[in-house]
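For reference, chains read A, B and C in written order, and residue numbers begin at 1 within each chain.
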Amino acid sequence: MLLSARGLTKRFGDFVAVDGIDVDVRRGEAFGFLGPNGAGKSSTMRMIGATSPVSSGDLRIFGLDPATHGPAIRARLGICPQKDLLDEELSVQENLWVYGRFFGLTRAQVRARAEELLDFAQLTERRADKVEPLSGGMKRRLVIARSLINNPELLLLDEPTTGLDPQARHTLWDKLFRLKRQGVTLILTTHYMDEAEQLCDRLVVMDRGRIVAEGSPRALIEAHSTREVVEVRFDADDHGAHAGALAGLGERVEVLPDRILVYAADGDAVVAALAARGVVPLSTLVRRSTLEDVFLHLTGRTLVD
Amino acid sequence: MGAAGPTPGPSPTPGPAPSPSSAPSRLAAGPRPPLSWGERTAGLLAFHLTLAKRTWRGQIVSRFLTPVFFLAAMGLGVGSLVDAASGGVEGVPYLRYVVPGLVMSSAMTLAVSESTWPVMTLLKWNQMYAAMLATPQRVADIVRAHWIVIATGIAWAVAVFIGIAAIAGGVGSWWALLGIPIAVLTALAFVAPLFYVAARSETDEGFTTIFRLVVTPLMLFSGTFFPIAQLPGWLQPIPWATPLWHGTVLARSAFLGNPLPPWWWAHDGVLAAYVLVFHRLTLVAFRRRLAA
Amino acid sequence: MLALGLGRFVVLRNVTSFRRGWAVFLSGFFEPVFYLFSIGVGLGVLVKTVTMDSGTVVPYADFVAPAMLATSAMNGAITDVTFNVYFKLRHARLYDTMLATPASPRDIAAGEVTWALIRGGVYAAGFLLVALAMGFVHSWWALLAVPGALVIGAAFAGLGMWATTYMTSWQAFEFVFLVIQPLFLFSATFFPLSTYPAALRWVVHVSPLYHGVVLERSLFLGEMSWSLAGSVGYLVVLGGLGLWGAGRRIGSLLLT
């Protein structure tokens, strides 16, 4: 067990950001914290990264207590923060070099690691360029490369693809997959359900500092949602008025401001039933359930505002 | 990006690599040897050195030219007037009197420049301090390393200025070289409180005001250009309570080749107190801001 | 030529944004006052009197005070046109927005210069009050000190703005400081021209601040002469040149 938390709590004055959570992460797995902004994911990550003290509860990383062995833990971790904060006065490779020296690596070790990582991040041609003109995706790859300079066993990623275009996101997922295959344990936070489904072996769903569900993505969907979902849109400002027309269809109906969701095992059957009732919506869409539906069911809110 | 060219066969892995030597490497799997105090500081100094290599050119002119301008204008220009009217100050030509004051003032100005905007940059704008703390470094390390770097830079600048002043005839004794450590101590007595201020500031708006309402008046009223005995009584506590005058008094004795001033230990004491007290406060403020 | 025209709303923008930066605004006033008390009064005890280039002998503080008023005007004008204009040109895209409305680059330049003059004028007026209270004013001609300050401010505002349009990074501000500092120290501000080696005296005549200092000194001490027209003319020409150049540069920078 690489990471073990019991009753982990973080308080800022009166505000409780993380409210007594229990988490276990095994070596070699990709573990996710899924939840909207303000759920307490970043606070949890900072405690795991031994950069923020635990308010109460038990936390062990590599079997060590961060309160007493912080530096020893951080020596074996890689931390990829949410924002792309690099030193803009320095070049791409200099950013890698200086960071490696913070770990006590020798100059030779740092140069060698930087070579590998520039290749891994596909930034070798830009190595001598200053950081400032790089695109968002490149900066993100550099931040991830930097977080790997010390060959960490555990990599913490806080919202790794927020703000990136779809192509950059897929490139990044690909890189993270490769790392996982090489044995690096990944812990990431995200509010994107596709990221959580694609990358994570197991995840916990967080809301307002608490864990509301845990398991693998598939298990969560099976437990908390149906196989398929029908999105029904009407030409109306208030979809609530149309809810009555769909009563009794499928297992569950969820009314959102801009559409109505009908949860059922067979979406096409629902669409047919709608037609049989003589209801004519603006559009219908049949899709598979996602973690977003799980979150909606558990908390009544969407992941992304 | 996108469809990257497929590498034939297994590509070099950025994952856990086998360690070639028998000594436990900091790249090997499992627990890694802890870093000593010296190793941690050395790692941080490497960063500051890399940064300095990139930025020194922009600073070189103002660092050295400003004190030289004052040397010429006040030491030589106004100095000729003072020497003609009063035969010098405290028994020496005005140039000799003002040089140690200018040395200390320039140390103070450098100290304040280095402890304001650059610290805000590392604290907030590029958050490099936070990046350092994501490694085995600690808050005490990052403060210590940054102060070492600032002190070293000031020592160099002061040494050069003393050389220039000597050529201009403003230095009367080899003891003037003691001006370097005195300047470093005086500078740190400013670095410390300003790091604390920076740690508690959200924006850099206060910094310009500090230059105009703290640095400039201190330079002008702390015995740099004329003895503080000439100040009205109600102003006299200010040089006593602030570091610059104490450094200037010590430096003046050294530059003029005089014996240690009476109360020399009190002067050192005030400077040391500023450094030690604000060092503690800085650590507390940094921890609250970066490791909360 | 300084017709406000559409430049007046540029002035309005500055007033509103300065409500917040009042501390910076106020603090800029104090520097010359500090120098007056320190070098003028404090060091004046040691210097006692100065023989000016005109031959008059004055107490040192009376020699320094008008020079500090001229400096005050320079400070007030230069800070605005450099830092703020640079920021607006390169970062805040404010000028782009303004150009989308019917204002010509020359109007914008005029607006900025006007604001810089207001600031310089306020500083100078404040300084004049301090000088009056301290007894450094010896002539009714000093009533023209603030208009004189505006002329000084105009010269620096125009030139400063023109120079700012050439700056490409914050590092360039080192050069602003490196020009202003020696101007401040070596424009016969603290010691008369006669102190300089003869070969270097012509260099001082190039400094706009020197002409401002000469102007203000004459007004404070009531020593008027026709040669002052030369100084005033020099300042006006520099200001006009700067304004014209700045207007052209802003136009070419933004309309391409």
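Everything below uses one rule, namely that a contact is a pair of C-beta atoms (placed from the backbone, for glycine too) under 8 Å apart; a residue touches a chain by one contact, two chains touch by 3 or more.
This is a predicted model, so every value here is computed, not measured.
**Student:** Touching both chain B and chain C: give me those chains, sorted by label.
**Tutor:** In this structure, no chain contacts chain C and also chain B.
**Student:** Most central chain by CA mean?
**Tutor:** Answer by centroid distance: B.
**Student:** Centre to centre, using CA atoms, which chain is the farthest one from chain A?
**Tutor:** C
**Student:** Would you mind pulling out the distance in Å between where the CA atoms of chain B average out and where those of chain C do?
**Tutor:** Inter-chain centre distance comes to 32 Å.
**Student:** Can you compute the centre-to-centre distance for chain A and chain C, using the mean CA position of each chain? Integer Å is fine.
**Tutor:** 57
**Student:** Where the CA atoms of chain A average out and where those of chain B average out, how many Å apart are those spots?
**Tutor:** From the centre of chain A to the centre of chain B is 43 Å.
**Student:** Which residues does chain A have that touch at least 2 chains other than itself?
**Tutor:** none
**Student:** Could you please specify the touching residues of chain A with respect to chain B in the complex?
**Tutor:** Chain A reaches chain B through residues 12, 49, 51-53, 62, 70-72, 74-77, 79, 81, 83, 85-90, 94, 97-99, 101-105, 109, 113, 116-117, 119-120, 122, 137, 145, 148, 150-151, 153, 167-168, 171, 179, 182-184.
**Student:** For chain C, which residues count as touching chain B in their complex?
**Tutor:** 21, 23-24, 27-28, 30-31, 34-35, 37-39, 42-43, 45-50, 60, 171, 174, 177-178, 181-182, 185-186, 190-191, 195-196
**Student:** Touching chain A in the complex: which residues of chain B?
**Tutor:** Answer in residue numbers: 1-2, 4, 11-17, 25-32, 34-35, 39-40, 42-44, 46-47, 50-51, 54-55, 126-128, 130-138, 291-292.
**Student:** Under the stated contact criterion, what part of chain B meets chain C in this complex?
**Tutor:** Residues of chain B touching chain C: 58-59, 61-62, 65-66, 69-70, 72-74, 77-78, 80-82, 85-86, 89, 94, 205-206, 208-209, 212-213, 216-217, 220-221, 225-226, 230-231.
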